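In the part that follows, the structures are each spelled out as structure tokens.
You will see two complexes here that share subunit A, one where it goes with subunit B and one where it goes with subunit C.
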Partner chain A sequence: MDKLTEEEVMHVAKLARIEISKEELEKYQVSLKKIFAEIEKIKEIEIEGDILISPTSSVCPLESITDSISNPKEILANANDTSGNYIKVPVVIDHE
Partner chain B sequence: MSKYLDLNIKEINELLKKKEIKVSDLVKEAIERIENSDLNAFITLCKEEALKKAEELDDKEVDNLLFGIPIAIKDNIVTKNIKTTAGSLMLNNFNPTYNADVVELINEKNMVIIGKTNMDEFAMGSSNQTSYFGPVKNPWNKTKVPGGSSGGNAACISSRLVPFALGSDTGGSIRQPSAFCGTVGLKPTYGRVSRYGLIAFASSLDQIGPMTRNVYENALLLNAICKKSKNDLTSSDTNEDFTRLIGEDIKGMKIGIPKFYISDVIDKDILDKFKEIVSLLEEKGATIDYVDIDYIDKCVPLYQIIALGEASSNLARFDGIRYGYAAKDIDNIDDLYYKTRSQGFGEEVKRRIMVGSYLLSGENVDVYYNNALRIRNAMRNSFLDKFNSYDLLIGPTTTTVAYDLNSDLDDPNKSFMDDVLTIPVNMAGLPAMSLPIGFSNDLPIGMQIIGKPEDEALIYKLGSFIEKELSLDLDPRGDKDE
Partner chain C sequence: MNNYLKTIGLEVHLELKSKNKIFSSSINGFGSSANTLINEIDLGYPGVLPIMNEEVINLGIKAAIILNCKINKKMHFDRKNYFYPDLPKGYQITQSRTPIGYDGYVEIERDGEVKRIEISDIHLEEDTAKSTHRQNESLLDFNRAGVPLLEIVTKACIDDPIDAKLYLEKLKELMLYADISDCKMEEGSMRCDANISVRKKEQDKLNEKIEIKNIGSISNVVLALEQCAKEQIEMYENNESIRAQTRRFDDKLNKTVLMRYKETVNDYRYFPEPDIPYVYLDDERIESIKKDIPLLPDELRRIYHEKGLNDISSNKLINNLSLSKFFNSFLDEEIDLVTASNLLLGDIASYLNKLEITIADTKLTKDKFISLVNKVSDNSLTSRNVKDILEDVLEKDLSLEEIIKEKGIANITDSNELSDLVDQVISANEASVTDYLNGHDRALKYLMGQIMKASQGKANPAMVNKILIEKLQLKKKNN
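Let's look at the complex of A and B:
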């Protein structure tokens, strides 16, 4: 089959927190399938051994770097909705 | 109009030192050129800020070669109080509260930021056509793409709007547009340059690098931006002059060509031009061999797994709450997430996030991601092994020259295939530079020089040698009077 099912697309869209319209759905069924078909080629390779997460040659010590925030107003200016020194967030738990 | 920006960096520096010109003259000239350009290379022009900075510098002592020189910054590198969009509606209203490390470093050299350049959305693309702000045109032929994702940079360097730019390269985003526009672009060794303040796409591949008109100026800009940073623990400690080997003879140099880089997926014109360079190098005393790199033919799916997996994770932060686009008329937090991301991201970005999210879900992590990391390790080791026998590896940068705007928009693999010759370098964390070697139908052809980790100076040595031997006319402005 040369396209994903509607359910498959809705599943990956949910994982990515992306809403898909009816018109987009068909397009993504085809285009996502093409990418996955390319990715499947990796399965031809059987390989064991070490993994490489990041090609860093230097040692990366674990260290906490913290900066105090001296400019809360600037930071808040980028937020969608604020109240005093807080960022307002929509309802998270619905009590209905 | 004055033409100081057509001079090389040493000539400009001399004029500044002798006080024959002022920094303000350079900045005004750059602004005039940009305002008269129809390439759509810039998203934000920093006219007032740049003129103000120039006036301040007019009274200061000229203390380095980069002093007072206008520079363009790709719009995924954050600049304090200058809008930084990453080419996306998602960040169209985003004003960073801090500077990226590289921005602080060029400020220390008293360079002048002239504006923020156009790019593929979140650096996802290879033609600059995924930008929310519209495509950039190729200065050599305005019906062609400039390449991407740093397309704005390549177009503005090529058309001589400014002499310097900083780009980013995750799978080829500095080198591929440099090849398409006839400019010089280097992706440094992973960790060479601090990524602090670079809006993350794929953190284990991303690297900031210099884009310039010629090799020497490229090395000069790299000198300015390398410094270990407490903000990026992968950044390395460096204190070297990358220009130091420029001008040296290449006799006795051992060069390898990965066989993958001369395969029939590459246009004949490009291969022919590349073979001319190979003959030239042999003639000048270099030895050339053909080598195999393990798994290099699988680099596209490898990249899709690793880059898109990392991207889905990095772009999860865009939630409509702390900064960036936020959807209106929403009921609850889930509604905000879904609507913000659906409306704020473009099609290419959404597609890539969906693929990445899927690859990192459940048992797919083992089937795809972990296996990809094993292949990546083997590929890197194969590359490193070659550097026991060879000083440098070379090949073409791209399989084609710049293609038509609006072509192949329906093929979701096209933007990945465009980078098939540049991706392996990011996988292995190596440094590599693209430089122009000729033309096909009046469009530039680029070749790539790949070095072992931390060996940028040797790349510049070979690059400058080839540049000098070829002495190409790389100015697309026909009568030089545009």
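Let's look at the complex of A and C:
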């Protein structure tokens, strides 16, 4: 099979929260399939041991971290919308 | 109803009592104004690097030891990907493949029988921001984002909602005593999700389960599970099928309400978190944490029993962490521990409850308490005396001796003096004495009262009682 099904592409789009048009859907059915095929190739490589890049562990030892208290004004300045000290976003639940 | 079996599993999230957040230097605190305990890491700004907080790891190890878990000595974190405004990074850093602890258990006791509730894994993760939903908007407070959580997952091994409750109570007790979490369900530092399926007794295969999210109290866990089981049984009896779903329990209506049907597990696309290096837990670290674990409730119950406390006092003490901690500091002292527990659970506890404070907020020192216990156990202070001086004992910086002197408490403990007092009262109350000799026990109480009155409350009641009974017995013999 050289392309993904429409459902597979729509599922990926849904997880990524992106809207795609009919033309894009057809395009991604082919191009995403190519990417997936590359991933399948990578999966064939047998690796042993560490899945993370272990050398970083030597430069970041376990450590107790110290206090910091933030200034809400500076932080809220970066938000699109605020209410008091809160960051305001569109409503995310359906009211019953 | 009775030909169905229940299968229950529990997931508990505990906020850990570390000073800082799990991956940032922000303070881990509850009750501050919104968005004051946050930094770029908690907000998930692009390009920031989370840093592993050692204190959180140590609390996780402590929990793993207490919950009898095996420990993953080389562990990493994973990204759990999903979209929600309370998680701006688009993923939660959690542990999927290498939970800090696995294959553990908690023992519960029911009707004298000990049962094991098996734990499949315990893992560390970050909490999300707290959302408050209004009619047309949602408000976010990131103080909670990055608060360390320990998720404790049982196997689906519980077959009775009461066992679920006993498990949660035990878990809470253990985590409180080990100082891992303050386990306040009302503040969200302990949260419980339960899942339950039912099946006919003759059926082996488990049916689809229903998850009940965020149950508000331990007693509601029982109600929610009972109710959810009833609803499922009704559906099967009506030949309806059940889809895996998430519900919530409405305790006012006593029913569960559908929230959503489950997405498939793979949608979270877990993969190893590359920003946090492997964490290696060596034996030295584990052993030193093990050594520092304080006495836990089961061990305390055994010690209290050995020291002569009855079950009621033991349980009352264990249910009051600060009183129990105070009491435990006297376990190796040469004092009457039964008297000590009675004092703590009686007058002292009512004083503390009235003012809504803990024993640490008072001026009661170790030495002062030892003197108090000794004076009560050798009868130099009566229970009346204790009531009279207690406020001063708890509120003033003075020693017990100074307080007794200041209050003018001078008890008559001289047996000759007491004997004279008893004689006087006996001769002045011949009618009552005759009543007593004729078998009316209440007359004894009256005579006691008269003696106490004659001494202006200063006679030692235990001694008076003994002398009075001796004298009356003598009279009985001579009659």
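Keep in mind that, in the parts below, the second predicted complex is superposed on the first by the 68 of 96 C-alpha atoms of A that agree within 3 Å, B and C clash if a C-alpha of one lies under 4 Å from a C-alpha of the other, contacts with A are read in each partner's own complex, and residues count from 1 in each chain.
Convention: a residue touches a chain if its C-beta (ideal position, glycine included) is under 8 Å from a C-beta of that chain, and two chains touch if they have at least 3 such contacts.
Since the model is a prediction, treat every value here as computed from it, not as a measurement.
Participant: Is A:Arg17 in contact with subunit B, with subunit C, with both, or with neither (first, second, both, neither)?
Facilitator: Touch partners of A:Arg17: subunit B and subunit C.
Participant: Applying the touch criterion given at the start, work out whether A:Ile75 contacts subunit B, subunit C, both or neither, answering first, second, both or neither.
Facilitator: A:Ile75 contacts both subunit B and subunit C.
Participant: Which partner, subunit B or subunit C, touches the larger number of subunit A residues?
Facilitator: The partner making contact with more of subunit A's residues is B.
Participant: First (subunit B), second (subunit C), both or neither: which does A:Tyr86 touch?
Facilitator: Once the two structures are laid over each other on A, A:Tyr86 reaches subunit C alone.
Participant: What is the shared patch of subunit A, the residues that subunit B and subunit C both contact?
Facilitator: 15, 17, 50-54, 56-57, 60, 63, 65, 75, 87, 89-92
Participant: Going by the contact rule set out above, which residues of subunit B touch subunit A in the complex?
Facilitator: 93-95, 97, 189-191, 203-204, 230-231, 233-237, 295, 298, 300-302, 304-305, 312, 316, 320-324, 326, 330-339, 341-342, 345, 350-351, 353-359, 361, 367-368, 370-378, 380, 410-413, 416, 427-429, 453-454
Participant: Which residues of subunit A touch subunit B once you look at their complex with the stated criterion?
Facilitator: 9, 11-13, 15-20, 28, 31-32, 34-36, 38-45, 47-58, 60-61, 63, 65, 71, 74-75, 77-81, 87, 89-92, 94
Participant: For subunit C, which residues count as touching subunit A in their complex?
Facilitator: Per the touch definition, subunit C meets subunit A at residues 19-20, 24-27, 33-39, 43, 51-55, 57, 76, 81, 83-85, 131-142, 257, 267, 269, 272, 274, 277-280.
Participant: Residues of subunit A touching subunit C in their complex?
Facilitator: 15, 17, 50-54, 56-57, 60, 62-70, 72, 75-76, 83-93, 95-96
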